[in-house]
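What follows is subunit A paired twice: with subunit B in the first complex and subunit C in the second.
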Partner chain A sequence: MNFPLFFKRILAALACVGILTFATARVLAAEHAEAPKAVAGQAAHAETPDAHGHDAHGHGGPDSSDIVQQFGYSYLTAFMFVLSLIVASMFFILIHHLFDAAWSVPVMRIAEHMANLIFPWGFAALLPIIGLALAGKLHPWMPLTDWSLTPTAAADPSLAVKSVMFNKLSFTVLLLGIFGFWAWMARSFRGYSLAQDKDGAAIWTRKARFLAGWGIFAFSVTVTVAVFLLMKSLQHQFFSTMYGVYYFAGSMWTTLATYYGITRWLQRKELRPVILPNHIHDLGKWFFAFTVFYAYIHFSQYFLIWNAAVPEETFWYVLREKGTWEHMGFLILFGHFFLPFLLLLRIDTKMSLNVMGPMIFWAWLMHYVDMTYNVMPVLYPKGLNITLWDPLCFGALVAVFGWAWLKDFRAFPAWPQKHPRLKEALVHHEIPKAGQAAAHH
Partner chain B sequence: MAKAAAIPAGVAAKADSHDHHAPPQLKVAEPPKELEREPLVLNNRSLTWITDAIAGVCEKPMPKWWWPAFILSAGTMGMMFSLIAYLISTGVGVWGLNQPADWAWDITNFVFWIGIGHAGTLISAVLCLLRQKWRTSINRAAEAMTIFAVACAGIFPVVHTGRVWFALFPGYLIPFPNSNGIWPQFRSPLLWDVFAVSTYGTVSLLFWYTGLIPDLATLRDRATHKVRRFFYGLFSLGWTGSNRHWSNYEKAYLILAGLSTPLVLSVHSIVSFDFAVSQVPGWHTTIFPPYFVAGAIFSGFGMVLTLMIPMRALFNLHDIITTRHIELMCKVLLATGSIVGYAYGMEFFIAWYGGSPYELYAFKNRAFGPYWWSYWSMITCNVISPHFFWFKKLRTNVVFVWIVSCFVNVGMWFERFVIIVTSLHRDYLPSSWGYFTPTWVDVFTFVGSFGLFMTLFLLFIRFLPAISITEVKAVTPQADPHHPLGGAKGHHH
Partner chain C sequence: MSAKPLGLLAQFETAADIMNAALAVRDAGFKKWDVFTPFPIHGMDDAMALPNSKVGYFTFAGGLTGFFTGMSMIWFMNKFDYPLVVGGKPLFTPLFAFPVSYELTILLSAFGTLFGLALLNRLPKLHNPLFASERFKRATNDKFFVFVETADPKFSETETRALLEKLGASAIEEIQDTKD
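Right after this comes the complex of A and B.
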């Protein structure tokens, strides 16, 4: 590997992303400037209370100068990031069992421990969000509701229609219930897997498959509801049938990048006997696949809303086309899709730690940007505003969850010892020639 | 997701040179007996038996049922073309279309057939990239089905324009430089459909043909009649089975698989844009692209089962299209049916959540309005019926599976009917409301499209190997040098 050349290429790629991000935003800004009336029309709508989370009477909107709200929004952004890793790990386990997969056996413990971060750590991390939300520091609609299920926000029709879901009681009970269900499911899957380590009995596989069978339905519904309550409801007027899938797609992308990094790290340590170049390649391929899937989902959501131009939907993106949020949008377009897509196309780059190492950090950065893009415009409608809370919240949550994961990983066998598909997972025949060399260096 | 140790077709020897095993110190136990995977070719069949069984279908005289089936299908196809001639000579008024339902059976049929055309390329391309070895027994027929379904689908959007010469010549659909400077409306998703479907059809045809080449050479070498030998020889492009040929073939196949995968997603996503880019309540919903793709895979696999189960029985191919294959296809139906069910639920949820009275009315009207029967037919067929496949007993009962696959076909037609007609028939103004009823021309044109589909399919099984001979051989134990029966070690029947 020619390192100077390699770094030059990486820098060139990043420069391209930067130029495209800012240049495109400039071009579009110039185009908008030519049609002041249209913009004024849009902006007028965007300035309505709906767009910024204020109710029809102008109260209840977030205050960007309130230090508690600054902390709350930063914390929520970081929380949605780490929740992505947990939720996607749960999905990884579910489909592993549903599809009777073999290739994923060596990395199953990585997923099982990550999913189990939901309890107690996920729960503990959720409590401040519930507290802040109930105190009216997060979701702008919360002060308009109370602990009953009856409509209390008749002044805001879009809130009144869903008052059964949008009130203090439902918010608290639903989130605690969903997190409790996830905790039970994650604990059960890991319990079956650890029990099979001892006796290798088929019954544990059968139990896991049965749980995965109905669990996938419960999972899809609970993820959708949780994401709606935690993140989408920051602007409760916005509705998109794709939103749950959108969060899921980004979560899988980041989580697969994380698995890739952990697997490469453990390849020469605890997982040495079971990780073959093909497993690395498989993880790289899934990372690539979800690069495309996320782009497909986000493009579809944006494109359909933009093309139909229904004001009840467009306000969400109109807000995110103001100030530096527009640059963030283009950063997601080029950085979340084009850069990883082009870099991951080749087999050898998927196997090269020199490419994939920076790519994992880039994926984390892009997913954090994506979460910021979803959460922060509500508090800072004029543009991106980074406070000290952002690195503090993110750093603290990642450190705690990372430490907890590592503690669990060290406490149990590093891979499912007697998994019925372990043997199959260790006889991968087809290994890309170019990739083999890269994987060994 | 599920993936076994894989040897791509024809490269067993190449894969061997890259083989990696777990370090010798790691002792891994065999899986418990009850969790062992069933073989993909039953009864330890030899390579010769596989060639004879598959090539024999198109070499031996056709069974007695083939001619009546062909005549019936061709007759039905003829009826469709006659009705199209009637429509073109008279006008689209012969169909039941009228304000406010300007689209009804025509576009329903188009989306229905395009959806069916998804399974073939999905099985060939996506499952190939995922190294799902079980695809080898069903991919060829499914690919053929794709092409025939796309041919059926292509008829309806062209014909529904009425004056088809405008659709094909400068004007509605085909961009063509002309002195009047008339161009199609490039911002219309219908025009994107033209490009998406034609690209998909072309690549699917290339993919199907590329896969056929080694098998056509096998038929050429076995042909006893010079006409057959000439045509098989012509289309097998001088294939000798040399290392160079295999190497080029594998590269081409993989590239086409890579190209086809985004096409599978794009075609039905663009078909969904026909509706979702609009502002019509019931059409404009952001989940439409992945929901349409999942629905297309669902309907495609439904049709694959509908055709493969009888074919397996009629040509005695039970050792190649095994119960395991049928079970796996049932699981795909279950998975995609569930995704479709999630989308149906999500649409209702957002109609309530969004608080738009028009949106909510559109969905209430679907379920409880004048077309309630179509909505509940769709729910029964698409959401409820696949859930029988949770039970192994039902997944392994081929008669039951065939019946459910027919339900899926019916349900997916109803899905498109529900989306199109129930969203259109009641406009914002109650004075504009209407009720669409098909005419006999509507009904028999659709029935006739099945004639076209079946005619092409019957010709396909008559003249071409309906299962990929080379790819099935590659998943047998003989092709795996590490298998106890691998290479020349075993005794095969």
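Right after this comes the complex of A and C.
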């Protein structure tokens, strides 16, 4: 590895985040000065929702008038969005190797580079989250814990029993460890793939398959733990074993829409020789499948909690059925599921750019709404509250990650040059349409 | 027993041959013809220029029926006909009616698919004139067949036979209508 370049990248990433933070803080400070009443009004309803009806958070409860917290929550929402693309790309690679798939070979580099955004960019983007969390600006339980694993949160029994995981030490070490593991795995997969470009040896495919074999288990565990720490533990009292799958399902959905858009775009450029209509159709089918899978998972979570009606679980949704959050919930129900489901039932709509083009943007919007729905009610329990931080954080992260992806994509061959299944992928059951057979033979 | 010619049955030896034959017959403009293979061949739909199957509409109609049957059944039973409080929940909400509606959606979608398929294929059909051919029995084993009907406006005894021969048919047989 080229170390000077690697440090330059990290410095560049940190500088980007720093400059943006500073610029946004200035903008918002000005806004703050102009409208002090509105901000003060938010502070009045800033108590934390609590499952047990008493203030278990002590001094650590979110205060929505705190500008750093406003930034922190917006940044976390945007971060969870871009992390979706990275995590789901990892899954795309894993499943490609596990199933010895042929159809996905031409789009593999899209996934490989996207998964590799985890390092250094994902790491750089994670650091502010760890910093904000340790400073007590994100997770309400953080100020109640210290750097030891022993239960110190006697004030909150529900936190004390989980203190092995919910303390400053575990939070930091687990997240850095998980991100490190993902970075290593993504780097390995791309490394194998690029090595095969040169010699075409079967050993690289075998290595990738071996890694995918145990990697899929490590992946599912790490995704769950990471999402529990980053997002679910904003309300640490909540129980949901399917929360990790829920995040993963929405992530795959958005990522497949993104791949669809990128593939349609690169079909006219770098990927022109290898993308056939059936590849587009396959991506559309996967997107459709995850429309259903996400709905299935989210409905199951809601349904089980609703039916069981246990206060430790229901408070999470009770909070999200107050104020405008209820409308956001319905937006997710209809916009995240019914609209794309009914629209994409037909084969031809999955192939039509007129339908899928707007659908890609819609999927991004819906996934962002979903992330907002998970993160923001903790800080704004009365309802949706959009600050300037939201577009700024989202725009900055997407711009940096998009640029980094494009740079990586342009730096390497656009598809695996000597993948053993490439030939098969280039035929992909494609039959000349009527009248073209003569030209074909 | 009338012996009306129904069409020409051409036998091919490999999947590649039948694919080429299907493409050529399609491009020659035939409409009333079919292909028989021992196993599904990817891309044969396109090679035969078959439009999208209409079975999907039956599936969708079945699914919708199932979903609304489930919803209205539970509404009728729990709220209308015999109001029943379970676990302090409302008498009716789509939430707890959903699993049943969902199962019925799947069940009636499957029925819609099955019966739609049978209807569109005019099944069950106990007899087919092709069964009279000894050679055709190997369509379920190791041979590939194209059958072009005389009812096709493009059909001509000599030209169609010549076309099939040119495509490499290993045998061509005239099929008679064996009904009554």
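Descriptive notes on the structure:
What we mean here is this: the second predicted complex is superposed on the first by the 373 of 441 C-alpha atoms of A that agree within 3 Å, B and C clash if a C-alpha of one lies under 4 Å from a C-alpha of the other, contacts with A are read in each partner's own complex, and residues count from 1 in each chain.
Following the convention adopted for this analysis, a residue touches a chain if its C-beta (ideal position, glycine included) is under 8 Å from a C-beta of that chain, and two chains touch if they have at least 3 such contacts.
Just so you know, these numbers come straight off a predicted model, no measurement behind them.
With both structures placed on the common chain, the touch criterion links A:426 to subunit B but leaves subunit C unconnected.
By the touch criterion stated above, A:307 is placed in contact with subunit B and with subunit C alike. Once chain A of one complex is fitted onto chain A of the other, the partner contacts of A:347 are limited to subunit C, with no touch recorded for subunit B.
In the superposition on chain A, contact of A:199 is made with neither subunit B nor subunit C. Shared-chain residue A:66: touches no atom of subunit B or subunit C. Once the two complexes are laid over each other on the shared chain, residue contacts for A:157 go to subunit B alone; subunit C is not touched. Ranked by how many residues of subunit A each touches, subunit B and subunit C are led by B.
Residues 303, 307, 309, 429-431, 433 of subunit A are contacted both by subunit B in one complex and by subunit C in the other.
Contact residues of subunit A toward subunit C in the complex are 299, 302-303, 306-307, 309, 345-348, 429-435, 437-438, 440-441. Those residues of subunit B that touch subunit A in the complex are listed here as 1-8, 15-16, 18-23, 25-26, 28-32, 34-35, 131, 262, 265, 269, 273, 276-279, 284-290, 335, 338, 342-343, 346-347, 349-350, 352-356, 390, 482.
Remark: subunit C residues 20, 23-24, 26-27, 42-44, 46-47, 49, 52, 56, 60, 87-88, 95-96, 98-99 touch subunit A in the complex. Across the complex, subunit B is touched by residues 95-96, 98-104, 157-158, 160-162, 165, 200-202, 205, 213, 216-217, 220, 224, 228, 237, 239-245, 272-274, 276-278, 282, 292, 296-297, 300-301, 303-305, 307-310, 312, 418, 420-424, 426-431, 433, 436 of subunit A.
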